[in-house]
Structures are given as structure tokens and as C-alpha cells.
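Below, each structure is written out as C-alpha cells.
Below, chain A partners chain B and then partners chain C, in two separate complexes.
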Partner chain A sequence: MLTNKSKSFWLLLLPALLALMAVLFIPLFIGGYYSLTDWNGNTVGVFLGFENYIKVFKDETFINSLIFTAKFSVVSIILINVVALSLAVLVTQKLGKWSTLFRTVFFMPNLIGGIILGFIWQFIFNKVFTSIADITGIAGFNDWLNTPQTGFWGLVILFVWQMCGYIMLIYISYLNSIPGEIIEAAEIDGASAIQKFFRVKLPMIMPAFTVTLFLTLSSAFKMYDQNLALTAGGPYNSTQMTAMNIYNEAFSMRNMGYAQAKAMIFLLIIVIISIIQISVTRRKESDA
Partner chain B sequence: MKDKRKLKKTGTVLIGIFFSCVWIYPFYLIVINSFKTKSQIFQDTLGLPEGLEFSNYTTALDKLDFKNTALNSILITIFSLFFVVIVSSMAAYGLSRNKSKLSSGLYFFIAIGLLVPFQGIMIPLVSIFGKVNMLNRAGLVVMYIGLATSMATFMYYGALRGIPRSLDEAAVIDGASTFKIYWTIILPLLKPTTVTIIVLDSLWFWNDYLLPSLSVNKEGMYTIPLKMFYFFGEFNKQWHLALAALVVVIVPIIILFVALQKHVVKGISDGAIK
Partner chain C sequence: MKKKLLISSLVLMGAVGLTACSNSDSKKESSEKATVEVFNIKTETAEQMDNLVEKFEESHPDIDINMTTVGGGTDATAALQAKFSSGDEPAVFMLAGLSHAKAWSHTLYDLSDTNLTKKAIDGTLEGATYDGKVVGLPMNIEGYGWLVNKEIFEAAGVPIEKITSFADFKSAVETLDSKKDELGLKGVFGFSGGETWVTGQFSANFLAPEFNNSILETYSAEELKFEYADQMKENIDLAIKYNAKPLESMDYSTSVEEMFAGDKVAVIHQGNWIVPTLNSLDDTFAKEKLGIVPMYVESETEGKIVAGPAWYWCVNSNKSEKEIEASIEFINWMYTDEEAMTSIVDDFDFIPAYTNFSSDDIKDPLSKEIYRYLSDGKAVPWVHSSYPDGYGQNIIGVEIQSYAAENSTWEELSKKLIDTWNTERSK
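Showing the complex of A and B:
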């Protein structure tokens, strides 16, 4: 009933289109151009063609940050989904008020921003761990944020703690949508708790996995605040993730054109991941 | 049989309590240490405080300039939420009530925004907003509208499929204008989606550090995450003050969450299934 010519149609769309143009599309196009120059933030200098892009692939810190980010993402995704699904199964047992209480507790870290979470865990790793090392005499609790390996696990622990509550809520809503008769039928057939989980519940909540995997993957890949507050990329850039590498190139080194070339490659990676996710979801939906 | 089931339930509850304690332990450590003196934290991190050092809190509140910082965060979050909800629901309504090719083309155009990560546009965005003098609180709100609109429009569009067109057609016959129909009929019907968007986006806007650090990084405009970052830089060896500041910024959010828990949980669950 609204046509292309009706004024109302365009008035309804105008604010959204303007905001998207100003914040997303114009910057994207200008950024695409800047990535081909040696722009330093003030003056657009020389047009370089694809020189920046060639340089990116030889940039060791950038490649290392990509590898670190990929490793971080894979480990986090596995841990988050395993822990979150276990918590969801626990919370969906019929425990009355206890269920609500557990759900509240597990979700709590998700309310807090990355910067503040980073500082909380800085305290845990620097102060609490050191005093555990003093009490128990286990040296392994010392200097957690000062070595690349423990720094990696520090970030993983922080991120698992933060994301599990959110992913748990998604699993809960899928688990709750399983019809009660199916579970009862399995019980009457004498299925054990483990059989019920693997044979009945898990297959029924398969669609949840595309949602949760994609959510965890994209938030792991784009993580910046937590990285900054917990390790700031140290020691010696060994825990620097891609988002931080791009930020530092642009706003510390002021190599804006070059940083934008990195950003375009980062964008391409995210777009490819998203397209894979969308096509997998579509295929699953048409199978069902 | 009944006893066995009861026993099983008790066991499950005990497992839940154990994991809850593990989960909440970092918060517990932050809170108990925020009441200690500097040397007490150093000597005994795991134990309970000897006395209650409330001066940590008064100093932290003062150094955080808490009233102004919180006000900035509140204003930026509320204005951004308001505009995201209005702008996106209007766009989704327009698109859903026009079945032309152009309309689906525009929908596709808006959906492209879902794919673009913030880092892809961060550098030119800051540069452009700097050139037109919009690196301020109003500019930040505009950026959030642009960044959040695609997702919100996408969700509203999905919800609008479930609202029959005959409903607004009847209102047209009664002589209502498009905007009146949108405001009095459509927007109230979209309330569940609005709750989802408010929950997800308020957590984002409230907690965001990166974008505010690039746009409102000036005295008087600081949001809570920004101010916390500087606070830590300044007091980095003074954990007694830093921890009190952490408690100050965390506690109100947790209280708010417990009060609104039903809406938050429903909002996130609805958002995931759609």
C-alpha cells in the first residue's frame, strides 16, 4: 500500500538511510580509497595502488596478530560452547527458584564492559594469583600476564567468563522449546540422563549451534577492550589481537592509509565468515 | 522412587551452588579487597578485611567525578536507544508495506550493514566526524544510530511479517495517516522486539570503550568505561582505590539487572531465536 512514489515511504526510510550513509557507506568508500594512499590523517598524499596491501602480507606483527586472534577464537569458541551448554542443561533441570538464581549468577559477567572486566582479571592474575603462589609455593601462579602463553590463557579465561552467560541463555531458550512429551517418552523408554542428553536434547537444539558459533566467533574476532585492559598486547605484542594492531597502526603510528588497508583485509575476513554462516544456516533450514 | 528423585535434585542443586560460587568468586575478591587498606591487600589478598575502609570509596567516587561521568553515560545511552528504536522501526515499517523491487533493494542495502565490522570503518569515520566538528556526545549518538540501525531494522522487519496488513488497511479506511498508523498501531505491537533491541543495545552503548575513546575523549565528556581507563592509568599501583571504583561502577548495573531480569532474559532469548 506504500508505493515508490509515496512521500510517506521515503519519509519513513530517510533517517535510517541518512544515518547509514553518514556512518557506514561514506566512510567505507573513503576508507577504500585511503587504503590505496599514504594518508597520515591530515593530508592525503601519494596514490600508491596496492602497495599497502602487499606490505600487509609481509607485516610480521600483523600476521602474528591474525594467528593469535584465530587461535584465541578457536579455543574460546570451543570452551564457551561446552561450558555454556553444560550450564544451560543444569539450569533447565526443574530446580524451581534455584534455576533462576543460577541463571542470574552465570549471566552476571555479561553485564559488564570489556574494560572493567579486563581490570577485574588484572587484579586476579597479578595480585590473587601471586598470593596463591606464595601460600602454596607453586611458582606457576606467578607472572600470568607477563608471558605470552599465560597471557593467552588469561584472555581466554576472561572471555569465557564473560560470554558463557549470554550463550547459556540462547541454549536455554532452545532447550525449553523441546516439547515435554518427547522427553517423557524417552523417560518411559528408560533412557538415562546421558542418553536423554545425547540422543534427544542435542539433536533437537542443533539450530542453536549456528547462532551461538557465529555470535562467539564474531565477538572473539573483533575483541579490543578486554585485550587493552588485560594485557595491552604485551609482552612485546605477543598477545596483540588484530583489532588492536589496526588501532595502534592508525592512532599511535599515524599510518592511517596503511592501517586502513589492514582494516579492509580484516573486513573481508569477517564478511567471508558471515557469508559462510548465512549459507550454512540457509541449507540447514531447507533440510528441515 | 520419590526419595531417589529428591536425592537427585539435591545433588543437582549442590553442583549448581558449587559452580555459582566459582563463577562469582572474582566479584567476591574485588568486593572484599575494596574494603582493605593498601598494605592489607598486599599482605593478605584472600582473607577478609580487618576493618571497613570506606575512605577508598569516597576517594574513588571523587576521582571518578562519578556524578558527571555517570550522567554522560546515561545521556548517551538513552538518546542512542531512543533514536535507534524510532529510526529502525520506521524504516522497517516502510519497507514491509511496500512490496516493490526498489523496496527489497533498499532492504538489502540496509542489511549490508550487518556484515561490516566496526574496525572496517573506524579510521575514516573518526576522520570525517572530526572534519565536521562532530567528535562530541551528539556525534557519538549519531554514530551509534548508524552502527545499530541495520540489526534493529532487520529484527523489526522480521517482526512486522507477523503483523497482518489488513490491520493498517482498516485504519487507512478510517482516514488515519501513515504516521498515525505507525505511531498508534504498529509501534505498540512491536514492543517485544523493542525490548530485545533495548536490552542488547543498552549493554553495548553503556559498556563500549573503543568508540567513545575516539569521539568523546575530552574532559567533561567522559563516559564510565573511558574514565575507568584513565583512573587505572593514574592509580595503577593503588589497588585499594581501583577496586573501590570497580565496585562503584559494577553494583548499580547488577542491581538494575536483578530488578529487570525477566525482561532482559526474555529480550535476549527472543533475539536469539528470530
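Showing the complex of A and C:
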């Protein structure tokens, strides 16, 4: 049934569809084809079938980078959301003008690009931390980016610092949209501040988690520039995330076809995790 | 109303953007002037290059040079690849050796008959001769090895002139270490193992002899035996032991700009490309303190450094006849015009790779010394540019980091190096 309404519907959708086709679907199909070949970036030699995909599962550095990325994502998603929610609760208190100031300050790291953030924190970990160690004599402040463990936490700290302002904004908007009478009713019933938060506010902002978890999850998994600027995967690739592993395979080792196969698998993993996350949080939303 | 305005202005902007793109394309074809897009990766001399281009444009009013400088050395090739993939191909670009030549072979213009090909110093074209054709012209000669602060060595009573074997070098390092505090050193070495390209370069000294010091043989070698593993281990062990900071985490700027230029370390692994940087920090350093100590690999008494052309100028064969001509003219001019020649030696601090320069022209002492090593046959070529792609950085660089952090043993490192080489080459 092609009514006038549906005609204009498709007409209005067309620009977006075309753009999506050009930058998403067509490259995806071309990429899918390249992942089956020994493409070196310029020319395709032979058609390999699924050989690249079989190789991926035997590639130790790729598996390690996946594990590292997964660990990083879990830790940073939890930390970002906890910190962001606490900040959001803090700045939605009646603080007068301070509230605006705090919001601005907390949001600011998000306005700085990942590469610059990486270099800022590199300076902090390498120079400031070392100076602190020299002055206080606490050796724990030395060489934060030189060991796999502290390198991991360095990345987490950087990422939490960058993301929590943005996530905070989303929580603020949901917190502000809670009807005042519900809070008032809880107060009249004699609920304490903690009770108000866990029993009233938290269930009311459940829909926010769908958005924030999706945003943090996808950006944690895809992270590249912060990783590059802060540790560049070092020492010995122990802090190399999957995106960087794929980039190096493609542009440094010039195994473009193979890197494309890795990227396809990575895409599949992200899609599956995102779908599970969205369906789970959606269900929670309707429960609440 | 406001919304409508916004949408229509967006549409308009899009349309303008589209036409602007197509306009500039057609302009390139039809205008009288030839525009040459040059992709430069030498960030150290970007400013000098811009000045040179200005001079060129003055004397060649019919040619426009569009210089893009991307670099820091490491990821420049990736940026070049991105340029090609996006269709925005430069007319003149730089490649590092035979592996690159192979990857770009379909787009490289045959430069065998150019004026500069005949002038190139013997052997400097080996890294850019692919399929029997000369596809690149050397930009300059660069050499590297253990760069030392001669003053510190002298102050400790171990002048570098007396170092004639690895044992001498080792004992000198030990002497320096024992006098560390009075010399104001943080460590003897400032090896930036955090930069995998440094370690990749470092390995060339030890892999070259196994392939008869030939770029071509390295490029076609299907098997790595790692014959000089012991010598490589000796050298890297020494650096790991006496490095100012854990070797695997030191970066370039700490190593060169902070430690070495600040007299905090006495030895780093770098090459003459750091001279402009040193000059900008302290204009007497390169003239008075900088020296080079070779590696003792094949023979215990004859040390060799690594020297040769690091980068080659290439011309894109997909461009129009006119642009190709202008490109070749530009490259030719840089190394034959008198004014440009002076600039190449004096401003760029380059060691020229062409016979129309005289060795007396070289002013920088380190460059002179490297040139001497080269003409005495005490230099091996830049074989690491002909390793399998990414091998120097992603395999050797990373494995050395792992070894330095005591995360793996030397045996594991050797095995990984050999295995990866053999599988990459059997493809």
C-alpha cells in the first residue's frame, strides 16, 4: 500500500538511508569480501576463503588484546557509571550557582580529544607521579605506564575521567525529570536520603541505564586514540586493545585482508554484546 | 520557520561542498599551472622544506608545490596508505625500501633515466630498484649506531677514540657507571626501547651480516638464522643493565631531548637525524660533544655502523604527463640547483647521496664521521626497511620490550623472531 503518506515517509528517509548506505553498508560488504582475500591495501592477490578467519582464532596477540579489552570494558563501565551517577546526584542537590560550575567542570574533560587527553595523562603518570614518588619516597608512584598492571589502571583512570562527565549529563536529565511530588511523598513518609535514592530515584531512572550502558560499552570496546597516546600498547603489547591490534595488523604489518577478518569478528562480538545489553536493560526498564 | 531555514541552509551547504570538490578536481586538469602534491614525512626538516619549496616556486612560476608533512617517522606510511585509499594520491611521496616498493609497485613511475639516477652514489639505489627499474631516488644518507656524548666519556677518562672492541666499550660503560654520581648521570644509557622503531633499527646491525650486508638479499631471504644473536644480546643486555629508566618504557623525547641533550645520559641509540633537534636545544652540542661508536658484530675489532639512504623520493605514475614532469623537475632541482644544494647541506644537515656534492661540503661533524664510515666500507645498509612488513617494530621491538621487562627469555625471543620471519616470508 503506497499512500501519499508512506511516499513522503520514504522520501524523507532517503537522505539518511543513502548516507548510511554509503558510509556503513557498502563498506561493510566490501570489507566482508576483502576479509576473504590476501588484500594488501592496494591489490587483491588470491581468494583465500575462510583461511583468515581460522588464523584469527590461533592468533595469540589478538586473543590477548580481546581479553584485555573485555577486562578494561567491564572495569571502566562499572566505574564510569558509579562515578557519573554520584556526580549527577551531587550536582542535582540544591547548591545554587555552584551546581552549574560543578557541572561545567565535570563535563570539561569530555571536550578534549582523546589524543590530547592521552598525552596529558602520560605527563601526569610519567612526570607528576615520579615527582610525587621522589618527594614522598613512596615507590608505588613510580613507572605507572611501565608495567602491565599499572598501565591497565592508567587507561581506566583516563577513560573514567573522560567519560564520566558526559554520562553524568544523561543521569542529570533523568534525575531532573523525576516528578517532584514523588520525592515529596517519600519525604512525608519519612524516607532518609539514602532510602530516597535507592528506593525512589534509582528505579525512576532505570531507562537511563539503557542509554549510558550502551554508550560506555561501545566506546570502551572501540577505544583507540587514548590507548595510542597513553601507552601505545606498551610494554610489550600488554596494554594493546583490540582496535589497536587490528590497526597495527593492517597498517604496520600490512596484512589488510587478515586485519579485515579480525575487524569482522570484532564487529560481531560488539553487536552481540550490545544486543544482549539492550534487551536486558529494556526488560529491566519495563519491570521498574 | 527557523527549522526550515536550518534545513535549507544545510542542504545548501552540502551542495556547495559537493560542487567545491568537483570544481577543484577539474581545475587541476585544465589550468596552465602544474600542481604537484608532495607528501613529506620528514618532520624534523619540515620548516627547511617549506623554505626550499618557496625558492623553487620563485624560479618555476609554472609549477605549484603543495606540501603535506605528516610524520614523526613511525606512522607516516600508514598516513600515506590512507591518502592512497581515499583517492587523494600525492604526486611525489617517500618510501623506505623494497617492501614498500613492492606494495606500491603498481603506481611507481620508472625513474631509471633521470639525471639524478646517474649521479647517485654507488649502492644507494639498491633499496629502490624493483623489478629492474629504479623507482626511487635517495633523499639523503642517514647513519646510526651508539651516539655518545664524547665529553662525558673524556671526563671519565675513557675517550671514545680508545674504544676498538666490544670489550672496550663494555668496560668504558662500566667505568662511566661507577662514576655516575660525579658525572651527574642518571644512567649510562638512554635507550628508548619504548619506541619500537628504535629497536627495529638497532637490530639491523646484527641481521645485516647474515644477509651479506645486502638489502636485496635481506628482502628475498626466506629464512632467518639469527646468526649474530649473541652479539645482539651482549649489546642489549648492556643497555638494559645501565639504562637510566627501564628500557622498555623510555620514549624518544625523554631519551633525546631530556636525558641526552641535558647531559644526563652518555649513550643513546639514534642517528644523525637528531642533529637539528640537538641544535635547537643547544647549538654547541652537536659540534663539540656528539660522537658515534660502532657495533662489533662480524669481527671483534672492526666496528660497523648502519648507514645508507633511509627514504627515497618516488613519483606517482597515475598522474598526468605534465605533473610527472614537474615532479621529476622538483626532485632534480633540490639536488642540482646550487642554492638548493647549499640548503640541503647547511640547513637540512643532510648527508647527500649524490656525487655532485663534495664530502667537504658536509659541515656537521657527526654527518662527516658517518660519511667516513660509509666511504671506508665500515657501514652496513638499512636492511630493516627490507624486513617483512612491520617486523622490525611489531616483532623485534615488542619482543625486546618483553625481554627487557623480564617477561620472556632470550630463547623465547629468538624463537619468535625466527618463526615469524619464516612464516611471513613463506606467504
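In the analysis below, the second predicted complex is superposed on the first by the 255 of 288 C-alpha atoms of A that agree within 3 Å, B and C clash if a C-alpha of one lies under 4 Å from a C-alpha of the other, contacts with A are read in each partner's own complex, and residues count from 1 in each chain.
The criterion applied here is as follows: a residue touches a chain if its C-beta (ideal position, glycine included) is under 8 Å from a C-beta of that chain, and two chains touch if they have at least 3 such contacts.
Keep in mind it's a predicted model, so treat the numbers as computed, not measured.
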| item | value |
| --- | --- |
| First, second, both or neither for A:41, with chain B first and chain C second | both |
| First (chain B), second (chain C), both or neither touched by A:252 | second |
| Chain B versus chain C as contact partner of A:192, first or second or both or neither | neither |
| Touching partner for A:143 - first (chain B), second (chain C), both, neither | second |
| Partner chain(s) touched by A:263 [first = chain B, second = chain C, both, neither] | first |
| Partner with the higher number of touched chain A residues, chain C or chain B | B |
| Contacts of A:279 with chain B and chain C, given as first, second, both or neither | neither |
| On chain A, the residue positions that both chain B and chain C contact, one per complex | 41, 247, 251 |
| Chain A-touching residues of chain C, taken from the complex the two chains share | 75, 77-78, 81, 84-85, 99, 103-104, 106-107, 194, 245-246, 248-249, 254, 388-391, 393-394, 398-399, 401-402, 405, 407-408, 427 |
| Contact set on chain B toward chain A in their complex | 9, 12-13, 15-16, 19-20, 23-24, 26-27, 29-30, 33, 41, 44-46, 83, 86-88, 90-91, 93-95, 97-98, 100, 102-103, 106, 109-110, 113-125, 127-128, 142-143, 145-147, 149-150, 153, 165, 168-169, 172, 177-179, 182, 203, 206-210, 214, 224-225, 228-229, 232, 239, 242-243, 246, 249-250, 253-254, 257-258, 261, 265, 268-270, 272-273 |
| Chain A residues touching chain C - in the complex, by the definition given at the top | 38, 40-43, 126, 143, 145-147, 232, 234-238, 247-248, 251-255 |
| Contact set on chain A toward chain B in their complex | 1-4, 6, 8-13, 15-17, 19-20, 22-24, 26-28, 30-31, 34, 41, 87, 90-91, 93-95, 98, 100-116, 119-121, 123-124, 127-128, 130-132, 135, 161, 166, 169-170, 172-174, 177, 208, 211, 218, 221-222, 224-225, 228-229, 242-243, 246-247, 250-251, 256, 259-260, 263-264, 266-267, 270-271, 274-275 |
